[in-house]
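Here it is, the structure, as structure tokens.
In this document, chain identifiers A, B, C and D correspond to the written order of the chains, with residue numbering beginning at 1 in each.
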Amino acid sequence: MPTPTELGLPPVPEFAAPLDDELALRLYTLMQRLRRFEKRAYDLFMQNLVKGTSHLSLGQEAIAAAFGIAMRPGDWTFATYRGHAHTLARGAPMDAAMAELLGRANGLLAGKGGSMHLTSAEHGAMGSYAIVGAHLTIANGAAWSARLRGTDQVAVCFFGDGTTNIGAFHEALNLAAVWRLPVVFVCENNLWMEYTPIGSVTAVPRPAADRASAYGLEPVLADGNDVAALYEVAAQALDRARSGGGPSLIEAVTYRHGGHSRADPAKYRSAEEVAAWMDRDPVETYRSHLMKAGVAVAALEEIEAAAQREVDAATQAAKDGPAPSLDQVDRDVWADGTSRWRN
Amino acid sequence: MPTPTELGLPPVPEFAAPLDDELALRLYTLMQRLRRFEKRAYDLFMQNLVKGTSHLSLGQEAIAAAFGIAMRPGDWTFATYRGHAHTLARGAPMDAAMAELLGRANGLLAGKGGSMHLTSAEHGAMGSYAIVGAHLTIANGAAWSARLRGTDQVAVCFFGDGTTNIGAFHEALNLAAVWRLPVVFVCENNLWMEYTPIGSVTAVPRPAADRASAYGLEPVLADGNDVAALYEVAAQALDRARSGGGPSLIEAVTYRHGGHSRADPAKYRSAEEVAAWMDRDPVETYRSHLMKAGVAVAALEEIEAAAQREVDAATQAAKDGPAPSLDQVDRDVWADGTSRWRN
Amino acid sequence: MAELTYRQAVAHGLAQELEHDPSVVFLGEDVAAAGGVFKATVGLAERFPDRVLDAPISEQAILGAAMGAAMTGLRPVAEIMFSDFLAVCWDIVANQIAKTRYMTGGQVSLPLVVRTANGGGLRFGAQHSQSVENWAMAVPGLKVVAPSTPRDVVGLLAAAVRDPDPVLFFEHKALYPLKGEVPDGEIVDALGTAKVLRTGSDCTIVALAAMVPRALAAATELAAAGIDATVVDVRSLVPLDTATLLEAVSATGRLFTVEENPRLCGWGAELVSIVIEETWSALTGPPVRITTPHVPLPAADALEDHAIPSAARVVETVTKALGA
Amino acid sequence: MAELTYRQAVAHGLAQELEHDPSVVFLGEDVAAAGGVFKATVGLAERFPDRVLDAPISEQAILGAAMGAAMTGLRPVAEIMFSDFLAVCWDIVANQIAKTRYMTGGQVSLPLVVRTANGGGLRFGAQHSQSVENWAMAVPGLKVVAPSTPRDVVGLLAAAVRDPDPVLFFEHKALYPLKGEVPDGEIVDALGTAKVLRTGSDCTIVALAAMVPRALAAATELAAAGIDATVVDVRSLVPLDTATLLEAVSATGRLFTVEENPRLCGWGAELVSIVIEETWSALTGPPVRITTPHVPLPAADALEDHAIPSAARVVETVTKALGA
């Protein structure tokens, strides 16, 4: 497994992109909210309050945060099973998200979807898709719709490194390029599939960037832990899409702090590897950067405390939520609210 | 639609590759056999003796011929619904192939497969696959088997330009490269899908060559109507595969003289476009080249007459063949010869 | 009243809907400039240039685009050239389109139609001749329609396009040349409605798509032999018009299904199971399924004709079962 | 005699076959170095390094590789991590693997096994919990097996690997922790054999995979209430042991199927249709199907438990139907 330096990344993110303080603090605030939500989701899974599964973005929050801030209301997010952060980053209510993880009636999906399928259509979070590849093709459809309806909405689709090897990736990128669709594909390269290093199953070192030319696109590589750099990359890709410049394919190199899902201890990764990436923690490193840049500790602490209060309140709301009523099993197959397949 | 010149091709093939006479005449002989078989197949379709459908390689014979001669017994061919030429080029008996087109009991597939599925496993013609994309992944499996069993067999997979846009293409190329499989992928770029120009639905000008780097492969472009050049390209790719050098992706630019299938008059193509490519007819241009190179006309005429005699005999054998017995419907679903799914 | 072929009815129905609703869009392979490989969409691209698009050979991308467009305000119709090719995009159909409304607690609507050429009889062999409507029927969240006449093509296609849920629309490729009367003016039929085409007292024959004309031909022959059969065209597998079907079966006491799909787990098995459970006492004998055997389809004409149920096989089976 | 979990039985059975035949190879995602995401293949890569391979997330490439290897002398076993993902490679399964022997007039043999984790109960939601054995059963050319015990995992997996035809092997992910006795030494079972687990005189309950223990639990409860049920584990859908099934049904006159798959077109409908046609006079009442409703599966535990047939639902349905 290549080290961050071998991957061409600085030991800690540079945060060189110039951002005004207000924007910087919004990014920090969002990363804190995502970080604390994910940590709580992990605790609740270990307490068996989150049943089934959960896939966390711990360590990858900068990507969801940068795009979440750079996107406009009306833009669309298409996420994967690892989609808590991306859904919250669009403004989905934290208590409903947490309640969904717990399978409660007050969950975003009334308990019917669970952790892997968080969706908040009213916030432009158009779904979390749990079968690798499909949602890249679906994002194209939203982008196509924006153009046909003459709006300037953009679809942003997040996926992992391993997803670049499935057929749907290829079909989606080609169609997006041929139709010059307003869509931004964001590959979060965290160097691992589930338990397999991406390098061992991929023909090129950069799973997304080294494929861009196959679709007539420019390769775009970003430090996936540098929220400032990501914000700039996001803003540029969104502008390009909005102004008719067509799709972008961005590879953001990052790392997940924990296992792939559930209670996975991620023993397949070396301690050195994990340590090197912990030093690149997108939240902690940005905090130091902001302090160096003169932001008062008190301001940061207040942001952190507020985020924690929000997560605690969401947890309580989720725990207090009732179990879904059993008739939900037969609801919402069809637009009329029923599951009737016969008369 | 770009002209041959705009595609970087000479007005007529150069035939610059040095081949000894014996090899040159073998290539010419095979092209003549394929050309005359395909012309007859068309006539028989128009006479409604070939039912259903047929997809011809008229104009593309140089590719099947060059590989057919360059491949060794034991090597495997994986073809498409446009697979008559590729199957015959491996030595499959012409009368059984013709009988299969006519749906007769003496057909290669006992009448059960038809024109789109010609197969002669004993000759290494491992099947003609009629759903775009799948057979690229299947060819990988044969190549994998060769390596595991320690043989030096190579799998060669032929497909069209349009096939480069389907997911299976991407998955197959990546796996072949990661596993360094002894497989040769040959894209016959005839500039058209069925009725749609490939350029209008593809993000890059060279549907295969411009994708090679996405799999860490060298782009290989060839004049698909230059049988001599193709023979050299084939020999190199086969050597590379046999010697552990891994897969190759070759784009051979060519053109079909007729429609996509059946009686398609191909009205969607301009007369100039067709004319320019008729001047590049792989068979006629090679004939002129051989004459210039001093081959006696009599020798060529004898080759042509022999090919015609073979096609005529095959046609007669096919017409004389009985209809398949109706119990064939229930045969050969399983290895025990039956279709029994219950006791 | 105009006489159209089933093939022309497809373009007619699509034009009607593209005309009726500017949010209707249509995409597929070779469908625009070339008018479709079955020539079923000729002229649409000229009339609706921005809303009729040619796509690459990327079925997953085609249906994914339809799905994403449907959830953001359009009403897409996507063509999958041959229904066999649904297999290359089955994830989008069965796992994405069918489940997303349910998984999201009803947040997402998917008003879309997937049109496809289904069925055998053209000697195209095992990979271009399948009847796969039962694949779709087995997946919750999909509506499934299969017209047998030009008129039903127009009316059911309109109903499918205007339906708020995803509909798989199975055209039968052997019926494309079939001619039939199509009333002038807008036609909008209703999903979930079977049609009783003939009423008889001795048995009820239920058929779908290309099996409908065969069932009718068989009924005529049977009548000559003194067996009077009711014939029902299912038309819509989901929703299924069990009311009409159960009534028709109860009235005669005997059910025969005529299915083109291979033997196992077809709509016939489902209908038989429903009928058994709900009209047990009205039955005078066991329901009988007439299907293609459980084999891939052979290419040779004699073999394909032997495999797919024929009017003769229906006559023979019914006669034998009724001991007439 | 050793006690193994169903999960351990998978690795045990694969090891037995890799040991027994050097032409057996195994590939899948995360199966080698990591031993599988369900930890069902732990230790195999260490023992058979050249024959156990990790693959990219490319299900079509995985099954295509298995198919090509099978036609050229190997006996591949491929893992599709969750059976829901069969949809992304359905073309390879349903159109290529299932049809190639037939289309080629028997020239090509495909001795291969596709192993996959099927079924619900783990709160994974609609895209990771499906029972899709009926998708496979509906496609001619596929054999379909679904074991319910650790012993059957070993024996049926061996039978599948040694079978000359393609077999889809559905492991039930909710059964992985289940413990059971597995005899020492090589075990090779037979495909196409159902198992009568309990004999009773009042009705016959037929179940598959995770529904088997529930059917047995229901039978015990029913016995306490004076209803004596025969319980049969189907084990193999193709080939189907109709001899055993028809005999078991005739003996009691009443059939109840317990299916985890959604309502429409499941193996239960097929079995009911066969039983009706062939044991009509032996039946004392209509066969009844107990299934998951025709909906995608919900994630929340209370909802998922309500959707999938439970022992209680079986008891209730049988009791009601028998009017006891």
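Methods note: contacts are C-beta pairs under 8 Å (C-beta built on N, C-alpha and C of every residue); 3 or more make two chains touch, one makes a residue touch a chain.
Keep in mind that this is a model prediction, so the values were computed, not measured.
Greatest Cα centroid separation from chain C: this falls to A. The greater number of contacting C-beta pairs, out of the two interfaces A-D and B-D, is seen for B-D. Averaging Cα coordinates per chain places chain A and chain B 45 Å apart. Inter-chain centre distance (chain B to chain C, centres taken as mean C-alpha positions): 36 Å. Look at where the CA atoms of chain B average out and do the same for chain D: the two points lie 40 Å apart.
Counting only residues that touch two or more partner chains, chain A has 107, 109, 111-113, 117, 129, 131, 133, 165-168, 171, 174, 178, 200-202, 333, 339, 341.
Among the residues of chain D, those in touch with two or more other chains are 55-56, 58-60, 84-85, 87-88, 91, 95, 102-103, 125-127, 140-141, 238, 263-264, 294-296, 298-299. Within the complex formed with chain C, the residues of chain D that make contact are 84-85, 87-88, 90-91, 93-95, 98-99, 102-103, 125-127, 134-135, 137-141, 238, 261-270, 272-273, 276-277, 280, 285-289, 294-296, 298-299. Looking at the complex, you find that chain A touches chain D at residues 51-53, 103-104, 107, 109, 111-117, 129-133, 162-163, 165-168, 193-196, 200-202, 268, 323-324, 326, 328-330, 333, 339, 341. Chain B contributes residues 133, 165-171, 173-174, 177-178, 200-204, 210-211, 213-217 to its touches with chain A in the complex.
Interface of chain B with chain D (complex): residues 76, 78, 107-113, 117, 119-122, 126-127, 129, 131, 133-146, 148-149, 153, 155, 167-168, 171-172, 174-175, 178-179, 331-337, 339-343. On the chain D side of its complex with chain A, the touching residues are 29-30, 33-34, 37, 54-60, 84-85, 87-88, 122-128, 263-264, 293-296, 298-303, 306-307.
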